[in-house]
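Note that the chains are named A, B, C, D, E, F, G, H, I and J in the order they appear, and that numbering of residues resets to 1 at the start of each chain.
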Amino acid sequence: MDRNEVTKKILTTKVKNKLSWAAIAEKIGQSKEWTTAAMLGQMTFDARQAAVAKELFGLTDEETAWLQIVPYKGSLPTPVPTDPLIYRWYEIVSVYGTTIKELIHEEFGDGIMSAIDFSMDITREADPKGDRVNVVLSGKFLPYKQY
Amino acid sequence: MDRNEVTKKILTTKVKNKLSWAAIAEKIGQSKEWTTAAMLGQMTFDARQAAVAKELFGLTDEETAWLQIVPYKGSLPTPVPTDPLIYRWYEIVSVYGTTIKELIHEEFGDGIMSAIDFSMDITREADPKGDRVNVVLSGKFLPYKQY
Amino acid sequence: MDRNEVTKKILTTKVKNKLSWAAIAEKIGQSKEWTTAAMLGQMTFDARQAAVAKELFGLTDEETAWLQIVPYKGSLPTPVPTDPLIYRWYEIVSVYGTTIKELIHEEFGDGIMSAIDFSMDITREADPKGDRVNVVLSGKFLPYKQY
Amino acid sequence: MDRNEVTKKILTTKVKNKLSWAAIAEKIGQSKEWTTAAMLGQMTFDARQAAVAKELFGLTDEETAWLQIVPYKGSLPTPVPTDPLIYRWYEIVSVYGTTIKELIHEEFGDGIMSAIDFSMDITREADPKGDRVNVVLSGKFLPYKQY
Amino acid sequence: MDRNEVTKKILTTKVKNKLSWAAIAEKIGQSKEWTTAAMLGQMTFDARQAAVAKELFGLTDEETAWLQIVPYKGSLPTPVPTDPLIYRWYEIVSVYGTTIKELIHEEFGDGIMSAIDFSMDITREADPKGDRVNVVLSGKFLPYKQY
Amino acid sequence: MDRNEVTKKILTTKVKNKLSWAAIAEKIGQSKEWTTAAMLGQMTFDARQAAVAKELFGLTDEETAWLQIVPYKGSLPTPVPTDPLIYRWYEIVSVYGTTIKELIHEEFGDGIMSAIDFSMDITREADPKGDRVNVVLSGKFLPYKQY
Amino acid sequence: MDRNEVTKKILTTKVKNKLSWAAIAEKIGQSKEWTTAAMLGQMTFDARQAAVAKELFGLTDEETAWLQIVPYKGSLPTPVPTDPLIYRWYEIVSVYGTTIKELIHEEFGDGIMSAIDFSMDITREADPKGDRVNVVLSGKFLPYKQY
Amino acid sequence: MDRNEVTKKILTTKVKNKLSWAAIAEKIGQSKEWTTAAMLGQMTFDARQAAVAKELFGLTDEETAWLQIVPYKGSLPTPVPTDPLIYRWYEIVSVYGTTIKELIHEEFGDGIMSAIDFSMDITREADPKGDRVNVVLSGKFLPYKQY
Amino acid sequence: MDRNEVTKKILTTKVKNKLSWAAIAEKIGQSKEWTTAAMLGQMTFDARQAAVAKELFGLTDEETAWLQIVPYKGSLPTPVPTDPLIYRWYEIVSVYGTTIKELIHEEFGDGIMSAIDFSMDITREADPKGDRVNVVLSGKFLPYKQY
Amino acid sequence: MDRNEVTKKILTTKVKNKLSWAAIAEKIGQSKEWTTAAMLGQMTFDARQAAVAKELFGLTDEETAWLQIVPYKGSLPTPVPTDPLIYRWYEIVSVYGTTIKELIHEEFGDGIMSAIDFSMDITREADPKGDRVNVVLSGKFLPYKQY
């Protein structure tokens, strides 16, 4: 058994029981973004969160233990994603990558925007020309150290 | 001559003359995000914008003409970026890609968040624990068509 | 269980029962192009369509539920397809890709032809020198947004 | 000197002289699709067509000779294209590739749709919800030979 | 079940029953080259050929049905083959590829040698310095179409 | 200077002077297949052959010396060729590779068909349904050694 | 069943029964190098050798038959090996490859050192500064043929 | 200027002056294997060796300085070499890699054969059936350390 | 059975029994770094260490035998690791690789830092600005041999 | 002009003037590790450091300006490095990557060791069995944020 098998069981149970990520997140007590990432095998549960998941998805003790082990992260099967929704994000990195780099460096100097001390918020914005997906990414700026 | 050579000339002139992207954007009359992407060879200028660039960077007539030609887009030299700042964005797609997919589909159904009818806004958020980079991405939702 | 296993069951049943895609599409009530893509795990069924598929292929309740989940798209096992029929399409993109780009930009300006608000129609054209495959692709033009 | 250098000269001259592909095609006397592909180094000119190009773009004798040499084809710099417009076509092959294969085989049996005995027609369709790009691809069906 | 599993069963039975490809081809009534390719999952059987295979290899009805479905072609596990015998063919394409291109174009003009309207004949040529493998490849020339 | 530059000069001169490979081969005194491969930088000239090439293409002494140095072989820019004519040969290796392997082993046992003690002959076969390209490949069989 | 499964059974049995390759080779009656390669699925057994293997590893009749079928060769899971011992050999090819090429061509002219008519001998050389692995590779020189 | 340019100058001069590696090595005072590798940019010269090279190839002071800088090693343009002579060595690693690993481990335990404390000797062995290339590789065994 | 299956069993048992690597290492009698690598299938156990593992993880005799076989090393599923923690190490090699090379060569001359005669020590350093991970890597310098 | 050209000029001047990295670092007033990385185009200079570099390497004003622009980082030409010294570091990541991950997570929980708030110290340790390279890596631990 490994974490992937627990992820598959969670996904199958979610489909069978017609659960939504928003409802699951409310039970877990975290944002829907963090909760979904955790359920998909990218984040680590604490004991209480794992206990909620155990009940929600009917997990065994061993499966519940796996949720508290730090997973090997990376959720995509290929370096360049084939799924159109995910590819559009890869395209944003490809087309705007150097732009993002220039503007963050202009504002902050040399360093990075953290993908660890990081949060994400996905919302729907109503728009008469067609609703929009708005995503706010927030990451701590980490300056390169001189030594 | 091709668009890449115009981009290199713009970058070299920007360094030599110590211009900032924010100041350039104000002259162009668009956001700093769109303007930087355009200057880096990812967007297409209209005649007025090209004329401003011509003056700012001392471009020739032919170089100015290239700015109004739709460029072959893609700003990175490798499929997986090596630069740490840009890699963090690739990592976000890798770690959170399936999460983003699940949540957009849960809210909107099958379709994508457009990377064309799209805007981006990068700001600094002061934070006593270390300032943060906040990025808002906004893309129109496009549903898959049945036929 | 995941969507791939449902796809395999559909394909096996289709072979065993000697069904045609055209006949299946008529039952589903959509074009043969959309229906085949959906059956091959690339599109999402609504409840009525899923119910038709359930009966046609003898699916279980869980298998039927999977058809209504948005799938991870991408139907090919390698970035460059090895199958000669599919490769010819990849070759068209390789040989004519820059031509298509130039002509769409000349007519419409900067932007893309959508692969989401998109339809396809495949027909046979009788020809004394050998019948032809005619394919009509229709995609909405999406202009790049300035901001 | 090689064909790529002639292609670059043609493109630069086209930008400088603000020529359109449609106007060039009319001079060459072929469709805009074939003509653009030829100018971009993917097709072979006959003597008359090369003479027209010579005049249009101010080519030397040697450059004109190269246009009549069969080129090494393939117009894209990477196996998976990074340009969003061209990528959408790659995505169509990725998402619909197995669908296209199934439907052509259902109609014609084992074989391929030729990318050599092939033509393409790109047109604009007015649509109140946003104009559409319509592309008709026509390729002779070639059955696999038994022996 | 899919075609690969039928291929494996055919191969295992061939080894167990010590059949030769030449003997199998005679039963099928086609050349040994076409027959072997078909048995290895690269060609499509008609009803009579499938019936012969059914008896020869003890196939079930469903397995026999799969033989008449057009397969997803491509028989090698990696883009550059590791097996020395097959690699030598890849090496011929690598070393002589541009030579073959030049000579076919010199004789026929722009176009290709078909790999669909194609046959192959492999024979042994006795030679006192060591017997030779002689392979005749015959493919219809297909000229590029102007339009 | 290296061999590639000599190859480019030979190709440019051939285009400028409208020479054919067949005529060049006659002067060199070898088959058109070997001669073309040699001119394209894949084979090594002896002193007499190099002298003929020197005169035909107006080479300098140093360029002539390079023709007699064993070249780094491999004539294609990518592992999977993009040019349609050359790709068809790659496709033959992909589709028929395991077939060729099975049939050579059935006839000869374990070993390979040499790509070194090897010759190739390309001819046109007139055919009312469209002329054919016939290619005869002849390679010595080399058995694996036991020790 | 395929050859890989026989290889795995041989390896498992070897571990369980604590056999050495040297002892196995003595029973087979060939060098330890050839025998190990054969047991690892890279060489073909004759009937007598297969019978010895059958007894040594408790193989079934079908498993024994597979040993006499020419295998699909290539023993490594990735193009660049990750195992440090094997990587050192890849590194030797990378660092010394052009050196080996220059020196063999200087001595023999254009051609190759055969990897088929080839043998290998691995021995330990005692050395006070640390024992050494000595490997003798012997391959027939095959000159390129002119035709 | 970098080391590659010095390597190119050495190679060009060697061709122009018709020098042999064996003669160069004698002047340098090392084996022909080490000397060739060093001249091809894979090894580092000491002051005396660099002085000999300076005279032999007419190098400038700066070029001579580069010979004493440790180079970035790796002499091949692609991960899988295309040149047939060098490919055969890659094939030996692919086919015999696991064999070499098994036999060294059986004799020495866990560790590697060094590619640094390493030497190579290439010789011709006369053989009535065709001369052979014999290569002796000698590398110190380095055991994995426990700690 | 192979070594991977033993590794999986060890990992599953560790999770189920909530063991720590530090505690396991103490039982094995080696550092936590070596012990973890060994348990993850990268190092070879001696008889005593294997006996301890057997008891700790409830291994069978055959599983215990596998621990004493030298494994095929390499612990990552992709050439560029997707897991953020491991990627940061890859990034260090990418960003600082040439720096490390320059400084080791400046101090030691041409050669390498061994990854075999190598040890590693990972410790926590308390720091008011956030604790730090300190890693000491120690490898014997191996000079390139001249011959 | 771009940063790479400045890096090349620095390297060439360093070779010509026989400077050491340690001496350069002393002038810059930072560690030899940071200084070397900066000179190799991986770090950003402040105005004072750039002025020192200007004098040391005879840079122009524009070249000096480039040193203060944040560079596109990544110092290696291929994803898997070919240089043996740098490869050993890649090998450490490959063999010990999962070990490092397990031990950091066991001590700190889920998160990463920063490669930005990071320092490195390379020293020589005298050892009668052969001197050792000791490298201390120190990176701040960054815990994954829950939200």
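The rule is simple: a residue touches a chain if its C-beta (ideal position, glycine included) is under 8 Å from a C-beta of that chain, and two chains touch if they have at least 3 such contacts.
This is a predicted model, so every value here is computed, not measured.
The two sequence copies subunit B and subunit I touch through a face in which the numbers common to both exceed half of the numbers used overall.
Per-chain Cα centroids separate subunit F from subunit G by 31 Å. Centroids of subunit C and subunit D (each the mean of its C-alpha atoms) stand 23 Å apart.
Centres computed as Cα averages put subunit C at a distance of 49 Å from subunit J. Touching two or more other chains at once are residues 33, 72-74, 76, 79-80, 82-84, 91, 94-95, 98, 101, 105, 111-112, 114-118, 142 of subunit C. Checking each pair of chains for touch leaves A-B, A-C, A-D, A-I, A-J, B-C, B-D, B-I, B-J, C-D, C-E, C-F, D-E, D-F, E-F, E-G, E-H, F-G, F-H, G-H, G-I, G-J, H-I, H-J, I-J. Partner subunit B is touched in their complex by these residues of subunit A: 20-22, 32-33, 36-37, 40, 42, 73-76, 79-81, 83-86, 88-108, 111-115, 117-118, 120, 122, 124-125, 127, 129-142.
Contact residues of subunit B toward subunit I in the complex are 80, 82, 84, 87, 91, 94-95. Those residues of subunit C lying in contact with subunit E across their complex are 8, 11-12, 15-16, 18, 77-78, 80, 82-84.
Subunit E contributes residues 1-2, 61-62, 65-66, 69, 72-74, 76, 79, 115-116 to its touches with subunit C in the complex.
Only residues 30-31, 33-34, 43-44, 70, 72, 98, 101, 105, 109-112, 114, 116-119, 142-147 of subunit H touch subunit I when the two sit together in their complex.
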